[in-house]
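To start, the structure itself, in structure tokens.
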Amino acid sequence: MNNTFKKTILASLVSAGMMTSGLAAADEHPVKLGLMLPYSGTYTALGEAITNGLKLAIEQNDGQLGGRDVEYVQLDSEANPSKAPQNMSRLVKGDNVDFVIGPVHSGVAMGMLRVAKQSGAITIIPNAGLGAATNQLCMPNVFRTSFSMWQNSYPMGKVAYDQGHREVVTITWDYAGGKEDVAGFKEAFEAEGGEVVEEIFVPFPSTEFQSYLTQIASIDPDAVYTFFAGGGGVSFVRDYAAAGLKDSIPLLGSGFLTEGNVAALDGAGEGVQTTLHYAETLDNEQNQAFVEAYQEAYGKAPDTYAVQGYDTGAMLVQALDKVDGNTEDKEALIEALASVELQSPRGPMSFSESHHPIQNVYLREIQDGKHEVVGVAAEQLEVPDDACKM
Amino acid sequence: MLHRYPKRVAFIMLALLAIVAFYPLWGPAVFGDQSEFILEKLTLMVILALFAMSLDLLVGIVGLVSLGHALFFGLGAYTLALASPDFSPASLWWMLPLVMLVAAVAALVVGVLVIRTKGIFFIMTTLAFGQMLYYLVSTSPFTGGTDGVFIMFRPSVTLGETPLLDMSDPHTFFYLCLVLLVIGFLFLRWLTRSYYGQVLDGIHDNEHRMQALGYATHGYKLIAFVISGVLAAIAGMLAAMQYGFANPAQLGWHTSGEVLMMLILGGMGTIFGPILGAFAYEILLFVYEHLTMHWPILMGLTIIVAVLVLPRGIAGLIIAPPWQRKKTPAVEDEVAASPSVRSTTQHKEG
Amino acid sequence: MSQEPILATHGLTRRFGGLVAVNDVGFDVRPNEIHAVLGPNGAGKSTLINLLSGELPPSEGQVLFHGKPIQGKSVRQIARMGIGRSHQKTNIFPRLTCLQNCELAARIHMGGVLGSWRSRARAREVTERAREVLATCQLTPRADTRAADMSYGEQRQLQIAMVLATAPTLMLLDEPMAGMGREETVQVTDLLESLTDRYTLVLIEHDMDSVFRLADRITVMVDGCVLESGPTDQIRRSEKVRDVYLGRHHEEATA
Amino acid sequence: MDLAFFGVQLLNGLQYGLLLFLIASGLTLIFGIMGIINLAHGAMYMIGAYLVWDLTMRLGNFWLAIVIAIPIAVALGLIIERLFLDTLYKRDHLYQVLLTFGLILVINEAQRIIWGGDVHSVAIPAPFDASLQLTDNLQYSVYRLFVMGVCLALAGGIYWVIRHTRLGIIIRAGAVNRDMVEGLGINVRTLFTLIFSVGVALAAFAGMIAAPLTSITPGMGDSILITCFVVVVIGGIGSIKGAFWGAILIGMAETFGPVLIPSLASMVIYLIMAAVLLVKPRGLFA
């Protein structure tokens, strides 16, 4: 990890003014990737997983993109939306990166999209799931390799109804990501004929769930649908199990509830069902190879954030090979990126006109510490992007 | 005299102003293709300088430590965001007064409730109001929630139909911010040297005595609170204008803490100090971010060292440089025995 | 000397829980007189002056200023009515210069309405008034020194100067000579004596000989009650005062 | 909301309130006696949780981990007080706010360097990992009752020390007039070091016993910090009794608020604080 620091410092000091870089020939210079991910605060683990996945994909292409070396400029987004525009501007105008990869937090994504629109910088979102990024706010130079809140929660609506649940309570943090996720579930569940009897919103980022769990117990619904991520997910699932609700009221959610935290759940997650576009136990050989390589490189099992980083790297590899390393011609580059098709560890994956992944969504259940795939909740699901005028 | 400073201060500040103002001339030569980004960074520093200066009126001059000043900064940003039409630029002619009016009303309402408290209670009530507005904006439906809201077009400055200033040009926007900073500075400098400023000094020094002389101290403090809030809101509006983005994080207590850090770095109660503090803070942040991923440790240690070793901040160094300090010992003890300290030792009284 | 009193109290009482610090005190102060309030420690002198200046609301009784009741009014309102006071524990603006301390005091009583703080003329008048008051108190050489950098005695004199600067009709001075050297006490005593042509003074003091030299009338308080109140020589001759105040030495001497 | 669930919510409010008290007691002691605003108090809560997680993992025994973690926390308090706070006692609140704000940055980042960014959890320890059947579908972990017991015991302990011991008299006197205590020949320096270390240890200890009930994540101290300040201000600065009832009040508000007035849930504690300060500007028990 530390040689990238040295490279980063040298590169940024050089580009920060010691030398006026004229229009050098496109090819010898390394491709500069600006990583705007959280390396502090509650989302630190996600930032690190995405970074690891990205670097793994590029290392597997012997560290090259379109025949050129790669240089990483890592900037801590601190998941702080108010700093997003200036950080993005620093990467684009300050460090002159060729691609910006990030963020994790939706609020930071909004700030980045603002600068992406003004600067035209090619941005690949490896996580933030706000629907607008590839809908109302879509733009040619913005791609996403992760998901939209809707894409993961919508399939669970149908699954919940098929499992016989009719009255469901939803609970999530009172912030945009949570509301969007729960809305996707409600849309599908009520389309099937089910009813969301209560929508509980918890102040962000509180993890004091006891009073809400008691409220759920008093309503006594058929099932509970929830969206929490990171530490919030671990707390909720453990409290839910400790309150003995897991046996009487099944807990459903989108994958982020338990993703990357199965170890921390230590048994409290058994039987919890979630829908997500990835599971570490997917049995296709790309995933087996990926899990092995990731385990060997970083000493721990990958999760969806790692695969999203990995696919971002694979996408760059494929696109830059197509334009054989020419990052000057933006149109051609965007065309190449849009036409990327991956045999990803998560399964076949291509991009819609609004540059959002068309991918499978799997139904998973935690069985002895692993997300076992119990079914495909949605096949090659495309996200609604009617408000997108590219 | 409390707010009369040696000649060298004026000389240094004018020199800095010249360097910053003529950046567009020497910038490209030095920074090459990065000069546009550095201009953006400079604009941000100017905006944060205005924000820090507005807080200095409260903390440095009147001695009211607010831990919720980001409330007005964010209010300025959101007033711009919510009052701007979606598909055309608003006009700055009515937007700036609107932002100032909204901030003045909010500062009056919050001020009336907060001014009566002192010491830790003032810190806590300002923090509470800041958090209240933060959650209000994060959860209410029409402010875009925690994702924030976009401002599609920067407000324009037109005379009838002919555009006077092209706001989309970064240089023009930079000079707008710089002009507002200079106006703000001159206004506060004049205010602190006026009789009203003398009253504020008296209140900072010994509010009880001022009341015994017959001064309605709450009234004077409230006016200072409103002025400080309005200036902070202008800075908030400019910050939202720069990137066209308003977000609840601009209201959070971390932002209030950051601006306080700019104050300690720059030197409080001097009006020009916080300007230096804002520049110093952003430059340090820029350097630390490039040095290591663990930059918060460096920033945290910088603040701790500033508090322990350099309580008068950069301004203190300029006003009374160490090699002169032996001649004017009074400067040092002034901080240690600052009047509100007396109130802390007897914070149980009354 | 016998016009209607500038200040009068009737049945003035102040309790702190069970303790009665000031008990049913009635006394009056005539215009342009120096009225001293004398008494041992804990006699309730300081509580009395706090009741007069509005620092403490009375439990019972009235305080009449020019015949109008002012008890219960705020410190600020009473100050604006023209009752200036100095404090036992020096209460000045340490970071401001001597001149500034007096300017702040002078300004508020020269039509210190917010509107007037702009005019240049007013500012000159205020500074003149402040310099004039500094001169009366022999503090002119110290005009531009920070109050914190002055000696204790000078700070006490500054406090009197500030009260003077507010041009009050009634001055409440709480132990103005406390902790002063011989020569400074004489200086202050002469100063106070010279003020009676324009001001009325209520003096809380321990220093017996300066009180008897200065005061026109004296009120002696013991344990919160008025023992006796009257012209200075009546008090000097009064048996009761000698028994309570001086008597103890008298008995010890003979026992 | 029928009676049974009302009872459970009451229990939840009490449990959260008592835990809040444990953290707030340290804060109000430090501020009440030393006049120091310690923004880094929340960070110590986090350090406590991480310490107990790390030691439980290494030693395999939760209780042993706590026994070792407490002296470490006291030592940390000692070091911080000696290194940083020495010059702050005579200084203005602003300098204390700023220095401890710097401390938050340092401690949060130090945590990240030592323990990294992953989310962790601690299993509920041996004797208390059972749970009671409260209603047909709701169970209540016995460990939460244990935590309440510990908090009550500590509350009683602190109250007894303050009320009936010589140290308590000195502490109460120090809260009222520090110079007077110094005048009586009591070495205030060691008193402060003791108070700060104990205060910090209380916050860390709260983090330790709460670890099994929450997830251990970077920056978990920040949100609890603001709630604690609200508790201390409502209760009355420096008053242990105030911190206790303030914590119970806020615990109930955070529990019943979201149920009764969902839309205002996140602002309810600030509304309460503003209301209390309007009625009693110095807090309920100042």
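We call the chains A, B, C and D, going by the order they appear; numbering starts again at 1 in every chain.
Basically, contacts are C-beta pairs under 8 Å (C-beta built on N, C-alpha and C of every residue); 3 or more make two chains touch, one makes a residue touch a chain.
Chains and their UniProt names: A = Branched-chain amino acid transport system substrate-binding protein; B, D = Branched-chain amino acid transport system permease protein; C = Branched-chain amino acid transport system ATP-binding protein.
The structure displayed is predicted, hence computed values, not measured ones.
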#### Entry: Reference chain B; chain at largest CA-centroid distance
C
## Note on the structure
The chain pair with the larger count of contacting C-beta pairs, comparing A-B against B-D, is B-D
### Query
Roughly how many whole angstrom separate the Cα centroids of chain A and chain D?
35
### Message
Report the inter-centroid distance (CA atoms only) between chain A and chain C in whole Å.
### Response
75
#### Entry: Distance between the centres, which are taken as Cα means, of chain D and chain B, whole angstrom
32
### Query
Which parts of chain D, given as residue numbers and ranges, touch two or more other chains?
108-109, 112, 266
### Task
Please set out, as single numbers or ranges, the residues of chain C touching at least two other chains.
none
### Task
List, in ascending order, every residue of chain A touching at least 2 other chains.
39-40, 174, 201, 203-204
#### Entry: Interchain contacts, given as pairs of chains that touch
A-B, A-D, B-C, B-D
### Query
Contact residues on chain C for chain B in the complex?
53, 74-76, 79-80, 85, 87, 91-97, 100, 103-105, 107-109, 112, 114, 117-118, 123, 126, 146, 148-149, 162, 166
### Message
Per the contact definition, I'd like the list of chain B residues that touch chain A in the complex.
### Response
30-34, 36-38, 40-41, 44, 135, 138-139, 144-148, 150, 242-245, 247-250, 252, 254-255, 289-293, 295-296
### Summary
The answer for chain D against chain A in the complex is residues 1-2, 5, 8-9, 12-13, 15-16, 108-109, 112, 116-121, 123-124, 131, 133, 135-141, 213-220, 223, 254-256, 258-259, 262, 265-266
### In the complex with chain D, residue positions of chain A that touch it
39-42, 44-45, 47-48, 174, 200-208, 210-215, 217-218, 220, 230-235, 238-239, 242-245, 248-249, 260-261, 264-266
### Query
For the complex, which residues does chain A have touching chain B?
5, 8-9, 12-13, 15-17, 19-21, 39-40, 74-76, 80-86, 89-90, 92-94, 96, 106-107, 109-111, 114-115, 118, 130, 174-177, 179, 201, 203-204
